[in-house]
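The following blocks contain the structures, represented as structure tokens.
Shared between the two complexes below is chain A, which pairs with chain B and chain C, respectively.
Coming up: the complex of A and B.
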């Protein structure tokens, strides 16, 4: 039996009809255009530039008078892997990169260790205390990042509040060098990232059915076992998202190592900037 | 063990076995709000007790106090003679089945069932054996390695029961366990649950607002309203001899009226209800002329006649105002002629067709002994 085409009364599907089902994707377009124009395309462009032959002056200058001999840092339209070879064989660059990764892991570790208990406490807190705690967590985000970092710089300075306290208590007779160390760089980075981490973990915990905890207790599990066998495993997926956010954020660290670290605590991003301002 | 309060509803001890659960004058207040007020009852070994009432009546609060999820503000709870008030819930040997089932989503069926045994330090080999037995009991053996999301509502429900039955708790607590199931499944689960409870012989307290569940499954029913325990008795006691207007109207359909005693005549008493009708009841010897009371009659006790109604019964002539076809039966609402009084009558439909039509004139009749009266 052959399939007879249904007569649509001579109605022909127009282009608009065919496109109608895809109309919902228009909702995505503003964000996609923004990402394309200001992130993806520039990034691809940068990628392309990384394959240009260098003129030798500096690997990082971009631009220069186009078409003029010696007028730029790279030769447009050329292809080479030299830049990559140089990056990966140069001890200096490698040490900066290793530090960047190491610093990110350190910041992530400290952040997670501090954030999870806090998030759990917020989750279990009665409603009013919960609101207050969430407010405390997001309050630092109301101030500018630089203000926060400079504030920390003053707080941790040799004549700062923390050192005065240390000497008052008698832990040490002279101020301990806190600022411009790995310690201060880590503290400030953790402070910058941790609100997001706490909020994500808190939100994850709140999606758990509270009767699961009750069921666990009812089945004979102590509060600790209930946490360890039920609450924690179920919070792992959301906690991993928090971890990812924290790592990505820490990898892009720039202000903290620059303003509160020392030349040893330089990440790739802070390196980029100092190289560029020097040239 | 005797109750401090003689007016509490106690089961007459048929055996010398002490009750498994004793609730003694328990109160629960949240701030100024009183959720449970002076509730006392006993549950015998192996008994299936229902706590029933509308939402907010305190039934779930009572259940949660028994389970240890809430502390009573006042009063005591004993399990097998041991005072439970300050015992943390993980130390009470109680099995609670939640309305949401609360299965651990990251554990398989077998792991869920194993949880209670692990917490009790049951060795691995014995654990496996008991899990296999209980899964066999609830007919879920082949689902042992599935995760809760891979199960249907009815299966999850059975896992939730298996998870607590497996460690042989002193008491099984069920909080509206069938509320999340569709009607057909609910009906079959009702039968299964009752059979399971009888097979395991576990003392069970079951909270529901569904009177059908309570009437069909319970050994005894405790009807609660506004934090009070109004009546405790077997399903037929509670259904046929309600002690308060609330109990009369909450369980099953009923037609009830405010009435005044007009004359007392030996075995029978005549009551005048609103609208000037006289209803005859069998006097329990406690009615005096002029007293106010509430009379009610169940729709299934009321018969309809096209002509020549029986004598010596309560007979009124009226018109069928409304007819609802229920499949297995039909319910009529009849307005008594010359009044605004309406009465419900239920007719089973063996022949499949209702015997009367809307608008038809009929006699309604029922025996005086079928009329329930409540003083006050």
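Coming up: the complex of A and C.
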């Protein structure tokens, strides 16, 4: 397929030959269509909605989008900053947002502190162990998050394994309340966020030229000095990308449990269903 | 002495991290073997009664069917999109190639709530809302970048001269693809399909936004059961999801050297 430039001489051009110069764009087109239609445009649509005048009702614009008179929660064709003003002046929203941001920063901090050494451990591990570690690290990301959270709940419960261990060791005589605390929230959120962070940092470390490390060691630097003066500075750009991904997940992923937990979502879903049965 | 101690601390850290990664899932699965009516670890007796109950419950079986249909569609969509894009990235030069490649990977790093919520409007306006297809498309946004990553590693590792020889002897680009490239990257295609399957069958939030009661996937049934009626049946459902996930991952590791995914240097 690399020989698209081949001189076709006296041969008659087939459809394939005619399409050949455009092959690379044709090959990318399914992806571009999927990304535009279901990722970029929907995100822009969401942004546009935030500038619509509100109708006062709640709901995901289903009625308005369906073109029903008086339906939905926004007025089409309007531009306003009202929603933002209301968001930033509402005490409830602001307190929720402040907590979300604060919590996301905590999760990001813990994630980065744990992820970097783990990524470095994977980077330096022998081949077989490396494969096993990659599988272990990627498992929480690919598994169902509900299974994960409920497994953690069982572990951290008052009669769970962690508390039994605590009492066995003698740190405390009675179970310590671990579930539904900031601690358990952080533990579960970090677990949901950390796999990509570790893998991105590991991949970054692998792009570094190993001869630089060897040279540093050969010139007499200690392993720690080599890491601190050679490996770490070179890994900073990739680590920053990992940091960005972590922050996005810490912010975005937090919305889900809180969103799923409140009664308004329930009414919203039942509203979807009743509307669907009517149409 | 200090160096030895540091080394032990270093390994201990990695072991603790692995326990942190694995323990929640191991516990969740162990719970499913309890003979008790309540969620607790089986102590003396193990039982499969909750798995039996799972497979005899029409609601759970329906959700399993829905999950499999959505996962099947996700495999088809993400393989078509991912394979074509991987071919483009590995066999052609693009202006801004690295940038396009990085942009192509962004959906996988986008939280599910954002994808689910933003796709809701498009889904409703196109009349696709509530169908299996729209959930599969949403899942494909997470799956196709992984297919690209997996296939690109594999495609870049192929010996280009075989393809050139085939072209030189008169094979059309399609023939080169079907007869040369596809058989050689076959295992990686399977790995891509397995990743797509695993992602789709476990994904919960997009399915919640885009599905209805008629297209409830397994995680969507797990969620309310987990919240309101905590029975070991949920553990059995989780156990089945975990079993599928672990088998899929181990199969992937056998088919392909997963190390290459992180060792692969993009600038090569």
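FYI, the second predicted complex is superposed on the first by the 213 of 279 C-alpha atoms of A that agree within 3 Å, B and C clash if a C-alpha of one lies under 4 Å from a C-alpha of the other, contacts with A are read in each partner's own complex, and residues count from 1 in each chain.
Just so it is clear, a residue touches a chain if its C-beta (ideal position, glycine included) is under 8 Å from a C-beta of that chain, and two chains touch if they have at least 3 such contacts.
Bear in mind the structure is a predicted one, so any value in this text is a computation, not a measurement.
By the touch criterion stated above, A:31 is placed in contact with chain C alone, chain B being left untouched. Shared-chain residue A:20: touches chain C; no touch with chain B. Of the two partner chains placed by the overlay, only chain B lies in contact with A:221; chain C stays clear of it. Once the two complexes are laid over each other on the shared chain, residue contacts for A:142 go to chain C alone; chain B is not touched.
After overlaying the two complexes on the shared chain, residue contacts for A:211 are found with chain B alone; chain C is out of touch.
Contact with chain B, but none with chain C, is seen for A:234 once the two complexes are overlaid on the shared chain. The larger set of touched chain A residues comes from C, when the choice is between chain B and chain C. By the touch criterion defined above, A:126 reaches neither chain B nor chain C.
The contact sets of chain A with chain B and with chain C never meet. Residue ranges on chain A touching chain C, taken from their complex, read 1-4, 6, 14, 16, 20, 23-31, 34-35, 37-39, 41-43, 45-46, 49, 60-62, 65-66, 114, 117-118, 121-122, 127, 130-131, 133-140, 142-152, 154-155, 161, 191, 196, 199, 202-203, 206-207, 245, 248-249, 251-253, 255-256, 259-260, 272-273, 276. Residue ranges of chain B in contact with chain A, taken from their complex: 67-69, 88-91, 94-96, 98-100, 102-106, 115-116, 119-120, 163-164, 167. Chain C meets chain A in the complex at residues 10, 13-14, 17-18, 20-28, 31, 39, 77, 80-82, 84-85, 87-88, 91-92, 94, 100, 103-104, 107, 109-115, 117-122, 124-125, 130, 137-138, 140-141, 144, 160, 163-164, 167-168, 172-174, 176-177, 195, 198-199, 202-205, 208, 212-213, 219, 222-223, 226, 234, 238, 241-242, 245-246, 249-250, 253, 257-259, 261-267.
Contact residues of chain A toward chain B in the complex are 209, 211-212, 214-222, 225, 229-230, 233-234.
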